[in-house]
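Written below as structure tokens is the structure these notes are about.
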Amino acid sequence: MILPFFIIIPLLTAFIITLIAGERDNWAAILSILAVISLVALSIFCFATLNGRTIVYEMSHWKAPIGIILAVDALSAFMLIIVAVIALTSLMFSVHYIRHLSPSWKYYALFMLLVTGMNGVIATGDLFNMFVFVEITLFAAYSLVAYGSKAEEFEASFKYAIMGSISSTLVLVGIGITYAATSTLTLAKIAEVLQQKDPMVTLWIGGIFLAGFGLKAAIMPFHAWLPDAHSSAPAPISAMLSGVLIKALGVYVLIRLFFNVFGGITIFNEVFIILGTISIMVGGFLAMGQWDFKRLLAYSSISQIGYIILGLGLGTWLGIVGAVFHLLNHAIFKSLLFYNAGSLETAFGTRDLRKMGNVAKTLPITSFTSMIASLSISGVPPFNGFFSKLIIIIAAIQAGRPVYAILAAVGSLITLAYYMKVQRFGFHSQNVVPVEKDVISFGMNSAMIILAILCLATSILIIPGIREVTLDPIVAVIMNKTGYISQIFGR
Amino acid sequence: MKQQAGMTLIVKTVTRISVWLIMLYGIYIILHGHLSPGGGFAGGVIIALAFLNVMLAFGRDFIKNWLNIEMLHDIDSSSAMMFLAVGILGMAFGGSFLANFISHGTLFNLVSSGTIQVLNIVIGLKVGMGLFIVVWALALFHLDRKEMK
Amino acid sequence: MPVESWLIFLLSFMIVGSIIALEMKDLLSAIISIGVVGLGVSMAFLLLQAPDLAIVQFLFEIFSIVIMVRAFIKKDYHKEEPSKVNKILAGVTVITLIAVFFLSVPLFKLLPPFGEPLMTTARYYLENGARETGSANIVSAVILDYRAYDTLGETTVLFTAILGTLTIIRIKKRAKPTEEEKP
Amino acid sequence: MTVYLLCFTLFLIGLYGIITKRDLVRIIISSGIMGYAVNLMIVLFGYKNGSIYPIFVKNMPISPQAMVDPLPQALVLTSIVIELGTTAMLVALAVRLFEKYQTFDITKIRRLSG
């Protein structure tokens, strides 16, 4: 019964905001924060009560192949939690940050539509429905990227929109061919029917979907739009885009399709491993050459998504644990880093690392949290990023692919190098740049502190007793294709 | 461009009559969505095109007085909300989100098929108002820039 | 087969039309050619027994042409000379796309041939749709009852697109000053 | 079969346009072409030889077996609406870009690089 509320709550909030819009911009902020808090509670409740089952909700009261179903299992619930938590911190950060961008009610309405779209993609069990919600998310994202009405924002948004339209068209081709081949749109039914078909069909459909959703996940050959879009958007939106959007629309959908629906075709695993490794290396090298903080972070996202894809491609239990764990961690620390970038931009009016200075004195919280995030993302022991990267590297060795393990380790060193560069030149340089006192509001600071605490706290997920109830059910869902089908049809 | 708002007298006279016919046709299409081809999306666009017709024939200033753009915005968002409300009502009365909970009536009657007709009307309103607002905004954009120069 | 040959004729016409639209120097001619291609799509829908789609495609085509003409056909837009298409890029793209085309020819053979769809779920809609939903138009029954959730999403997409367009354009709504940042 | 391939050709022409054209309007047009091709392809997949439209008419008994597949039509209806949304948004962006840069040429719109 609770599943439709994941869509109803944010959608209703967006509609109410547009209706009462006008002078009451504060209402919009309060309403959306309330909505997102309820989503956090709902998603945690959902995850806690799952116990390895799949909750299925039949929309319009029609059974699975006839109507549309919502299906939430451990993986979906996990993604819902990530979306809700990052959205909450992002809203806390936004309240002050977007004050100079006039009519802010549109911002909140679009933000809620963004959340609606991602929740819809994650919760659905129907291929075409997934496409529709992907479109909602992308439309909201295009307009939010262009929200500041600066020339380069329009440019980034246009590029993003064109890339999005190419990828959506490819996905639609895939959907059409899937329908022609299987005559159904329910994911579980497709999985069942494709098992009896020529594997060439699966291969072909898979190739189209890999190109379509790979564009959205910004895996290496399809990455060109990401640095522009993610660095031009307002900081809280960059955090949403980099932190959750490319995961919900890209990685989550790829997992769902390639493990639960097409599962069992090894060639895709090889492709994932190779693309993942290329992403790690090239993203890392490109990030190293950047002086624009947000652009550096955007390239770093490509590199970190590479780790997730590599872990998935290994296909072993350990590799997938690492991938899922890294997905969570990356959402946390990349969002935190984008908030840092946003608060530096508020304080110094620039994103160029060379023009910043004495951050540690003037903005202690920003400086401290960015240190934690940088250490996390570069994989320094007590923080969460270390564990997930370590697991992926160990998994690569165990799977008998030492070359990829070495490359992943080198990628980690590159990450460390460019985050040390950020710390050295951005935060601890000798420049003295004047800053007004108290430019960073309470909401912005608390958003950063919450995520910094989460950076440490999520490390405990890897402790055996806790891992069994958190990460293991997710991995079980990913690895068990027949389980996915039978759970949905209730057999 | 500016000295003459809209087009010639002939166009204006024809538009005065044809707008209502177009709109009537749009409403017909919406109401018969469950019986014949068409439905909310097609009918909504027809209504938007009727407004567009007025705007092209009489100019932007006329339509500002003729239509309340604020109200169009409100209809746009409230009809989207009504769609959601039908869904939630379906949850309350039909047992599932967006369930068809109103009596279906007899096949081929004008008033039949429960929520399908309601949703057609809601979509028609939403599409009609929403699309007209887009064209209006694009037109106004040029107007704004011209005034600035 | 008459339908298939008509479709081949229409599709060839559309291919020519879209090449003209892409290669035409003048913006207005390009937009009008694409409109003609859209009307071709509408006719093809009619041939394929999809009157709902034919109406919607026809109307939406008119609408997008109006939007494009209104937005792009201004006097000051015609001054500039378009920069030359990069010959090497164009050549590589054409070769790649031709390769993709020939690679996918055997793949289309794996699908059911034209005119013989599988229709396993669709049969249910056709046999029970009118009785279960009370709608004589089965397409309406599918979009507003069996798959009403998709249509909710679709309405939301349109809502988002409109809100987004307004955000990008930034007209002054409710007398609130918009700030104009200079590039 | 020939129909599918012609439709695919239309799709590839759209893709070619998006990749090679240097003009915002042509890029928008190309994305439209891709959309047409996909919509048409999905409806082609649902066509059944010798069948009629899936609408029952009063006093005219038609067997459900003699109707084309309604589901692709429902999907394409959605997709057409989404296409229009994309077009509106791209047009709005292109107009704003023209205002900022005074050009539609994408090679001259290059503030973001790298």
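A, B, C and D are the chain letters, set down in written order, and residue numbers restart from 1 in every chain.
By definition in this document, contacts are C-beta pairs under 8 Å (C-beta built on N, C-alpha and C of every residue); 3 or more make two chains touch, one makes a residue touch a chain.
Predicted model, so just to flag it, every value in this text is computed and none were measured.
Colleague: Could you pull out the chain whose C-alpha mean position is farthest off from that of subunit C?
Modeller: Most remote chain from subunit C, centroid-wise, comes out as A.
Colleague: Write out the two chains that share the greatest number of C-beta pairs in contact.
Modeller: C-D
Colleague: Using Cα averages as centroids, what's the distance between subunit C and subunit D in whole Å?
Modeller: Here the centre of subunit D sits 3 Å away from the centre of subunit C.
Colleague: With centres defined as the mean C-alpha position, give me the subunit A-subunit D separation in Å.
Modeller: Subunit A and subunit D have C-alpha centres separated by 28 Å.
Colleague: Report the inter-chain centroid distance for subunit B and subunit D in whole angstrom, where each centroid is the mean of the CA atoms.
Modeller: Each chain's C-alpha centroid was found; their separation is 23 Å.
Colleague: So, what's the distance in Å between the C-alpha centres of subunit C and subunit B?
Modeller: That pair's centroid distance is 21 Å.
Colleague: What positions in subunit B touch 2 or more of the other chains?
Modeller: If we look for residues of subunit B contacting two or more partner chains, we find 35-37, 41, 73, 77, 80, 84, 87, 97-98, 100, 107-108, 127, 131, 134, 137-138, 141.
Colleague: Mind pulling the residue numbers of subunit D that touch at least two other chains?
Modeller: Only 14-15, 45-46, 53, 55-56, 58, 71, 77-78, 81-82, 84-86, 88-89, 91-96, 100-101 qualify.
Colleague: Could you list the positions in subunit A whose residues touch two or more of the other chains?
Modeller: Where subunit A meets two or more other chains at a single residue, that happens at 11, 15, 18, 59-60, 128, 132, 135, 139, 142-143, 146, 149, 151, 154, 157, 177, 180, 185.
Colleague: Have a look at which chains touch which and call the overall pattern line, ring, star, complete or other.
Modeller: complete
Colleague: Any idea which subunit B residues touch subunit D in the complex?
Modeller: 35-37, 41, 107-108, 127, 131, 134, 137-138, 141, 145
Colleague: Considering the complex alone, what residue numbers of subunit B touch subunit C?
Modeller: 29, 33-39, 41-42, 45-46, 48-49, 52, 70, 73, 76-77, 80, 83-84, 87, 97-98, 100, 104-108, 112-116, 119-120, 123, 126-127, 130-131, 133-135, 137-142, 144
Colleague: Please name which positions on subunit B make contact with subunit A in the complex.
Modeller: My answer: residues 73-74, 77-78, 80-81, 84, 87-88, 90-91, 94-100.
Colleague: Under the touch definition given earlier, write down the residues of subunit D that touch subunit C in their complex.
Modeller: By the definition above, subunit D touches subunit C via 1-10, 12-17, 19-23, 25-26, 28-30, 32-33, 36, 39-40, 43-49, 51-58, 64-65, 67-71, 73-74, 76-78, 80-89, 91-96, 98, 100-101, 103-105, 107-108.
Colleague: Can you check the complex and tell me which residues of subunit C touch subunit A?
Modeller: Against subunit A, the touching part of subunit C is residues 104, 107, 110-112, 117-122, 124-125, 145-150, 153-154, 156-157, 159-161, 163-168, 170, 173-174, 176-181, 183.
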